[in-house]
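Just below sit the structures, each encoded as structure tokens.
First chain A sits with chain B, and in the next complex the same chain sits with chain C.
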Partner chain A sequence: MLRFVVLLMVWCLPSLSVADTVYQKPDDFLHETFGATPPAPQFIWLDTKLQQSLTQILGHAYSQLRIRYWRINGHTVWILDEIGKEFPITAGFVVADDKIAVARVLIYRETRGDEIHIPAFLQQFVGLHLVDNKLEGRVDGITGATLSVNAMKNMAHAALLLNRSIP
Partner chain B sequence: MTRKTSRHLGLQLRHWHRNVGAAASLFLLWMAATGLVISFEDDLSLSRVRISWPWLMHWYGIEGVSAPTSGYNIDGHWLVSAADKVSLDEKVLDTALRDVRGAIMAGNIIYVATSSELILLTPSGQRVDILSSSTLPVFTIDALGLAGDQIAIRHEAQIFTSADGESWLENRSASVSWSKLQPLPPLLQQKAIALMAVDLPLGRIIADMHSGRLFGRAGIYVVDASGIAALILSVSGLYMYLRIQRRSR
Partner chain C sequence: MKKNLVSIAALVATMMPVAGIAENNPALEQKVQQLSRELDDVKLQLNQLKSQNEALAEQQENANSRAVGENDNLHLSGYGEIAYTRPTHQKENAKADLARAVIGVGYRFDDKTRFASEFEIEHAVTSAEDSGEYEVEQFYIDHQLLPSIAIKGGLFLIPTGLLNTSHEPPNYYGTQRNFVETVIIPSTWREGGVGAHGTTDGGLGWDVGFTTGMNIANWEINPEVPRFTTADDLGEGAPFGETHQELSNANAQHFSQYVALNYNGVAGLTVGGSVFTGNMGKFQPQTSDQRATLWELHTRWIQGPLDVSALYAHGSISNTEEVNQLYPGASNLIPASFFGAYLQAAYTVWQHDHYRLVPFARVERLNAADDIKGVVEGEGDDKLPTERVFTWGANFYLHPQVVIKMDYQTFKENNDFNRLNLGLGLAF
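Coming up: the complex of A and B.
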């Protein structure tokens, strides 16, 4: 019974999830994209109209009022969080020419479904773009990781929309 | 097999099939119903529904948090933390925070420091941003305070100040008013207990119902027995079906 209770207590500590896997630190993702000296971050504040658009994509308002991004030479980098099943997935996206150029799972916190970090799966995101604000392009699902796959697709969609919204 | 033996076996099997079926029917219905729900767990977003019924948490053996007796008074707003839940003015924040080190208000933004992050909130509790080690000048925040209208963070002997949390300067001579816990008014203590109730995702509870774990080891054995019953029913049912088929030819 004690072991049962201990296991449950571990389950109840989301911030200390034993499933946190850091595939790549956000800083390292920025350095990979921009080299040794990434540009200073800029901010986009989510006004009512933008939050409504994001709500349509995500099914809920984005969890923050502002999102930081990095931009140089027409490339923008977005690091977003979205809940898969219970815990947030942190993902990085590079957008160039209004298309996803790079998609990466940076931090995965769920207990299963982490197959989405596999490069072969993420390669499907390259080239995704918006047509009439809808995500155009095919991303095959992964059995048993439906919510994680959907979270990645939604974040890619959000990154493309946000990219269009910056001056 | 002689005809007599075969008929006897058939009667025995029908007897077992009937009795095992009757005995196991409720448990099999239970497992079928919970199994169906589990199949649609993602579509129903069951893991996002949190259940905090005190009797159920007690059954699980999860004790609630004890009444918090202190919090951070931020210009009249109270920030209270217990386990990984934080409330601001009696509203539980969506952001789970652990190890809160301080909370201050600067420029109409509430800054809450944990050991590794600085969280920016509006006075109504909406999250503005989270600053982590990639933005902060330290990996660990020991304390948070105000140096005039500047935000100050400390790690060991180092003190850094910033106007907005984005660019920081080391400032060892800064005169800082460090954020400190203060005794909670009794009324807020009581409200905090209700706010900070422990909970479990509904998907988890249904999975425990399905596996029998909800009822401890005995529950698991009952589910195992139900599985064996389903096996017996399948074999006996199939045998009787084939027997009838053979007879009808």
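Coming up: the complex of A and C.
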């Protein structure tokens, strides 16, 4: 049994861990999306109406006066934070043609539920869009990661709403 | 402010054509100059406000980025459930109970090291005269040792089955936790020890460790109190429930080992299993050491509104024959093997905002003593009958973390246990 355990640990070494894992730095996400020279960030101010909409999505107001975003050629990038169970998850979203084009977990800080960083799960976010301001599209959950899954869905919803709100 | 600026600007614009006229009209010229000064003041104030807002927003962004893991280190969580059960044929045993109230305290020392704990009160009141218990459910440190491996040490949940590590009320269907994962797998099952864990990019989660294990000396081979008078008693005398130690003055002469694997590489699908095995010690000094082993396989498939899960668990205890032969006629001989299996399906039939109605059905088969060795002829049975439980009902979510539950359970072998259950569960 002990030999099997050691072999299993060695086999699983090239893997990523839980708790404060940086899967991709936000700057690297921007470079991946926009190339060597990302555009300068712009800001959307969260007025009362927008905060109300975000509160409906997140269950609480977004804890900033403004949110920065990056835009070029009709693509916008949003880097948002939302608490799963205990600590914030930092996620990046690319919105194009009013739909999620890319969803990525950038930094994960919980002790469990990090399966949301798996490409097979994130691929479900591609194509999500809004219909009557409600998130349209299916994202199947992950056993033991319900709160993290919900946080990602809420952030995707927020990114689509914010994308619609910029001039 | 903006409106004032626009108004003044519009007024000035309308007055521009009359600038020439003002030259001949000192009063008008004076008015124009006054308005011009006021306009400059307004512009200055507007620019100051804009700068202040931007500075405030930047301060807030910086504060938030610090709060992510630096200043916001202490975290509280919890869960609880209240249950009402009404046996159809034993109405005198109807019960309302604050089954559990659990508070979790977590602390983040830095971006690599954190502490997690849970403290539980069962049945509302704990005292020598009451049935409640106060327990420490979890108390451990998790540390990211290498970029690819995290380690943990302390009292933590054994990563087995579907329910044990995901046991908060909103996470399972039915007022009561399923019997397979309470009688055969003694959720919430925790032991003390060390472990390592991680998840690969391909979706394979792994968890291995060494912990305290079962202590056969805790087995009550001839209890005074009759067992199985209500459905809630089905776990009484269950092999692992009777002998697990939970780091409470645990006998640590022998350590057990576990391995758990879970694959989530396909969206919506979980497939996994685990093995836990260890030396239980001796029941009597003259008997051999006994080994407890529990293995299980499970799967869960979530596809849109459909949620299907299945699990099979099998346990064994070695060298039970020589012990049981010492106690002919005892009412609770040590089983050599035990098993449980269930199949469950749930379907979200209605959803609006956070509200969600999810009917479900579950069939379970379990036997806490499928094989009893060393039974003296005429002095008892060499196995218990296999119980089959059918549960059907619905979870109604007021919020993803607040749920009202209603279900009915029928028992094939102990149909006096048939009962209606109502429950309120929450987690935060």
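Quick note on the criterion: the second predicted complex is superposed on the first by the 149 of 167 C-alpha atoms of A that agree within 3 Å, B and C clash if a C-alpha of one lies under 4 Å from a C-alpha of the other, contacts with A are read in each partner's own complex, and residues count from 1 in each chain.
Methods note: a residue touches a chain if its C-beta (ideal position, glycine included) is under 8 Å from a C-beta of that chain, and two chains touch if they have at least 3 such contacts.
The model shown is predicted, which means the values in this text are computed figures rather than measured ones.
Q: Once the two complexes are aligned on chain A, which partner has more residues of chain A within touching range, chain B or chain C?
A: Greater contact footprint in residues on chain A: C.
Q: For A:42, select first, second, both or neither according to whether it touches chain B, chain C, the two together, or no partner.
A: neither
Q: Taking the superposition on A as described, I'd like to know which of chain B and chain C A:63 touches: first, second, both or neither.
A: Touch partners of A:63: chain B and chain C.
Q: Where does A:55 make contact in the superposed view: on chain B (first), on chain C (second), on both, or on neither?
A: Touch partners of A:55: none, neither chain B nor chain C.
Q: Where does A:121 make contact in the superposed view: on chain B (first), on chain C (second), on both, or on neither?
A: A:121 sits against chain C, while chain B stays out of touch.
Q: Per the contact definition in the header, classify A:27: touching chain B only (first), chain C only (second), both, or neither.
A: A:27 sits against chain B, while chain C stays out of touch.
Q: Of the partners chain B and chain C, which touch A:133 in the superposed model: first, second, both, neither?
A: A:133: touches no partner chain.
Q: Of all the chain A residues, which ones make contact with chain B and with chain C?
A: Common to the two interfaces on chain A: residues 1, 4-5, 8-9, 12-16, 63-66, 85-86, 146-147.
Q: Can you list the chain B residues touching chain A in their complex?
A: 42, 47-48, 60-62, 83-84, 94-98, 122, 126-130, 132, 134-135, 166, 198, 200-201, 204, 213, 216
Q: Of all residues in chain A, which touch chain C in the complex?
A: Against chain C, the touching part of chain A is residues 1-2, 4-5, 8-9, 12-21, 43, 45, 63-66, 81, 85-88, 90, 109, 111-112, 114-115, 117-121, 123-124, 138, 140-144, 146-147, 150.
Q: Spell out the residues on chain A that touch chain B in their complex, using ranges where they run on.
A: Against chain B, the touching part of chain A is residues 1, 4-5, 8-9, 11-16, 25-27, 30, 41, 63-66, 68, 83, 85-86, 146-147.
Q: Using the touch definition up top, name the residues of chain C that touch chain A in the complex.
A: Interface residues on chain C, with respect to chain A: 53, 56-57, 60-61, 64, 68-69, 72, 75, 77, 106, 108, 111-112, 114, 116, 142, 144, 146-150, 162, 165-166, 170-171, 196-206, 208, 257, 259, 262, 264-268, 270, 277, 300, 302-304, 400-401.
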